[in-house]
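These are the structures in question, set out in turn.
Next come two complexes built around chain A: one with chain B, the other with chain C.
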Partner chain A sequence: MIGVELRKMLRSHRTWITILLINALPTLVGVLLALTDLGPRPGSGPAFLSAVLSDGTLFPLAAVAIVLPLFLPTAVAVVAGEAIAGEAQAGTLRYVLVRPVGRTRLLVAKLVSVVVFVLLAVLVVAVSAYVLGSFLLGDQPVSASVSGTTLTSEQIAWRTALALGYAVLSMLGVAAIALFLSTVVESPLAAAMGALAVLIGSSLLLTLDAANSLSPFLPTRYWLSFIDLFRDPILWRNVLRGTGLQLLYVAVFLGAAWANFTTKDITD
Partner chain B sequence: MIRTETLTKRYGSIVAVDEIDLDVRAGDIYGFLGANGSGKTTTVRMLLGLAFPTSGHILVLGQPIPKSKRTVLPMIGALVEGPAAYGRLSGRANLALFDAMDATGVRRSRRSRIEESLDRVGLGGVDSRPVKSYSLGMRQRLGLAQAILRTPRLLILDEPTNGLDPQGIREIRDLLLDLNGQGTTVFLSSHLLAEVEQTCSRVGVLDRGRLVLQDDLATLTAPTGRTSVRTPDVAKACQALQSRVVVAGDDGLLIETDDPAATNAALVAAGVRVLELGPERHTLEEVVLAATQSGADSMARP
Partner chain C sequence: MALATALAIGTPLALRELPASNTTATATERLAQLHASAAQPYSGYVESLGTLQLPVADELLDLGPLFGERTRMRVWWNDPVLWRVDRLTATGEEDLVQSGGVTTQWAYEGTKVTKTPEADVRLPRISDLLPPELARYLLEDVQPADAATLPAERIAGRSALGLSVAPPDPRSSVDHVDVWIDEETGVPLRLSLFADGSSNSALSSTFLDFSPGASSSDVFDFSAPRESTIERSDVVDVADAANRFAPVRPPRTAAGLPLSRDTELRGVGVYGTGLTRVLAIPLWKDVASPLREQLLATPTVEQLAEGPALSVGPLGILLTHFTESNGGWLIAGTVTQETLADVAVDLQKAQPLPSLFREG
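Take a look at the complex of A and B:
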């Protein structure tokens, strides 16, 4: 079933159009930077963006930092929100289930398909940013960590890979929430909007001092912690917390989705 | 093939299906009749493990549902409440996807299975246009192709001729009879009396969630033992036959007799012009109407 879901996702034009749209913003930013040579001052603007004018190979990180707060989670919410509700709306859910595909298996296949989608999106963003960065942007290796010490290009390479992996992981929470909502409501749009509402609420609470006690549990809290991977030495604390938190969200919401979906009457 | 015991489904205080005991035997073409809203689709969904019964038991192919869904469902083909497919893909691509979903299928014979079932439903020549551009009739045929993809032992079909023209209905009927001849048991849920009367060997009638009738079609429409006579001379005939007349109408009468030939001779001798004389039979429509109340979707004031 996982194979079938992947085939469906990869063959759909919508998947690729969504990924291209996600990729459009960092590409635009990169081209503008190259044309104007006006980078943001260090310490302002999206992470790493101030450094890319001198070292274009850092642009993949900057590009991922650009899409991570809004573009990527929106796409994930839409794709995951459609998982079950979309099949129900099209009427295909009942035929999938009588084929038979077990309900648990269907849920897992949908989650895997969403994760692969995120992986693809992050890879496309990173690779195209790397190409754009090396051709259009600066070519003096800065190799500077956020802490100011020097990193070898080898170190930068594997830390970048780690950061991309962390970005994919950060989307798991949204995916699980949207997937859960997708088993509850009958409209894919409602499921996607519900998941986005959670994220917007989470971002808003993070800015509020009164909500400090909640912040370690908010799904967006550790999203940008991948920057810590470029400190010297690596500051693991928030990265590990972020990983744990995302896994917790997956466990809770996938569990809830499973409990709801396996016991409900299919009435689409 | 299908057996239910006091199968009940409640939605809150509404009883959609009320203690029904279905009995579908191997080789049957079972017509599951009922007005819209009488609980047919809910029953079908429970048989397929899509909805869970409130109480009661279901055995399909001898195994309990929903517990043994995984072993039973691969042997069943189903069409529930209209066909559905992935609109952006072609009919063939849809069948290939659905076929791949069931891990028990042999991949090597997939292509030939798809072509064969498309041929059987009359879509063999269909091109690669996406399903969203199909007509309702073509979608219905594709849904049937999907149902018979695995040469199932049991077909559960809900309103399979919906959206087809008379020619298409005829083709589907022939297909069902053909499949039945090869040993497939068919459970056909429908509100079309004529369709059931022409196709089915056994009939169950659902009325407001209750199974009010379940019998062989031949038994239900068997001669009643009375003889019906059509004649313009009703008064004269009554005189001739006296107490043997059960009912006298405007253009005919019903007679209780052991010997229709003698009766006919007596009528003719009395100068009655007999237009027609034969055993009385109830049509399926009369049987069903007698067993049910008005449709569940009519909301007339009491």
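Take a look at the complex of A and C:
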């Protein structure tokens, strides 16, 4: 079942068009930086963007910072929202379940497919940003630590790997919310929009001092904390909180999706 | 699943609500513990929130975010001459490292290192937002009679004893300051400053993580990255420059407040102590002019006989009138507007230095 879902996702033109579209913005930003040699003013651009003019190999981190707030979660919400509701809307869900396929297995297969999509999207963004950065942007290695200390190539490599893993994990919370909504509604658009509404609401509340007590529980609160991996010493506080929070969202919404899907009357 | 969710959300909340100490320590004992903590080393994660929208310009631009925004900081404090404070932003950080009598400032996004000596008088900087530093500055002369105990709280997972301090001097614009000190070390863990007539704090600062004890020396080692621009300056900021080079000497008292003897004061006057304190800085015209424009553009500015004045929470600001060729006095502090005006009147008595000895 998992293999079937993975093949379906990987063979779908929509998957690759979506990943290309996610990749379009950081690519455009990289090309513009290379052409103009104009970095953002301090404090005004995504993390690491000011450093890539000197060292293009840092562009994967800047690219992830560019797509993480909006492009990537939108794509994840669309793909995860499609998982069950898409089958229901197409009228195929009943037929899928007529085969000797348990609902739990189907849900797990859909989940694995969404996780692989997230991994693919982040990897494609990172690899293409690395290639673009290496060829078009700066070639003077910088210290990389935002605290001004020098990091070795090995330190930069494993911190970058951790940052990409953290970005993937951050997206799993979105995927879980959208997958749950996908089991509730019969329109994939409604499921995706519902998940996006949660994220937009979260981002809005984070700007309000009055909602400060809620902020540790908002899904977008720690998304950009991967920059803390590049401080010296590493600031684990928010990275660990972000990891715990995403795991909590995944556990709660996947559990809710499972409970809802396994007890629901399937009519479509 | 519901149980796991409840545990995951409830455990940190329950830890926060763990009962704090039920000590019966008096305000006098707590004050003594606070003052005795000055030499305590510590490290941690601090968040401050300022609500003061200051009209700032040019040389004073850094003060706006300091007192009007949320600031997140990491601190390693071994003693007053060996510490590091990082201001964390979403896209980088700005660090201050004090070591060997030199203050090194690192700005990641500007890839810039600035090295300056310590100054007798300077403008506020991020390290001043730490609860222990705020307490040291604001509560240095508090008498036990002006302090009352507050219920203990848990702050950064530690039991903290509370104190509320109200300034007895009617010239102060501060209503009160609430401070909570670590029960074990006496280090202030949270401080909130309230202006007269306001129930919301104008400035607050609190540890979210706190560890007592000294940090290893490598935390304070800073070597400028090879790609950075290094700048060395003998002058810290506009206040330091005025103190050292302005061709005036402020009077010994202003508005009845004595000139502070804590620092080597020359051009700048620091009057009063603790919660009733005023700073008078003689500004050159090129610094004073944009500030004056900013002040005049502020809707709540009041035109006093001495110059435009503004009250931002507990902070009063007055810029005295100046002529085309000379600057003016910037008078700022936690005092009422009447006191600011009195200070401005007394500053008219400031002694200009004989031209032979004028510097800068």
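Couple of notes before you dig in:
To be clear about the criterion, the second predicted complex is superposed on the first by the 267 of 268 C-alpha atoms of A that agree within 3 Å, B and C clash if a C-alpha of one lies under 4 Å from a C-alpha of the other, contacts with A are read in each partner's own complex, and residues count from 1 in each chain.
We take it that contacts are C-beta pairs under 8 Å (C-beta built on N, C-alpha and C of every residue); 3 or more make two chains touch, one makes a residue touch a chain.
Source: prediction; values computed, not measured.
Per the definitions stated earlier, placing chain B and chain C onto a shared chain A by superposition produces no clash, and the two fit side by side. After overlaying the two complexes on the shared chain, residue contacts for A:8 are found with chain B alone; chain C is out of touch. Of the two partner chains placed by the overlay, only chain B lies in contact with A:92; chain C stays clear of it.
Using the contact criterion defined above for the overlaid structures, shared-chain residue A:263 touches chain B, although it does not reach chain C. Using the contact criterion defined above for the overlaid structures, shared-chain residue A:206 touches neither chain B nor chain C, since it reaches no partner.
Between chain B and chain C, the partner in contact with more residues of chain A is C. Residue contacts after overlaying the shared chain place A:237 against chain C, while chain B stays out of touching range.
In the superposed pair of complexes, A:251 makes contact with chain C only, with no contact to chain B.
Here's the short version: in the overlay, chain B gets within 23 Å of chain C at its closest Cα pair.
No residue of chain A lies at the contact with chain B in one complex and also at the contact with chain C in the other. Residue ranges of chain A in contact with chain B, taken from their complex: 1, 3-4, 7-8, 11-13, 90-92, 94-102, 263, 265-267.
On the chain B side of its complex with chain A, the touching residues are 45, 48-52, 69-70, 73-74, 76, 78, 80-89, 97-98, 100-103, 146. Residues 1, 4-5, 8-9, 12, 45, 49, 70, 74, 86, 88-93, 95, 106-111, 113, 208-209, 219, 222-228 of chain C are the ones touching chain A in the complex. Interface of chain A with chain C (complex): residues 42-43, 45-50, 54, 140, 142-143, 146-150, 209, 216-217, 224, 227-228, 231, 233, 235, 237, 244, 248, 251-252, 255-256, 259.
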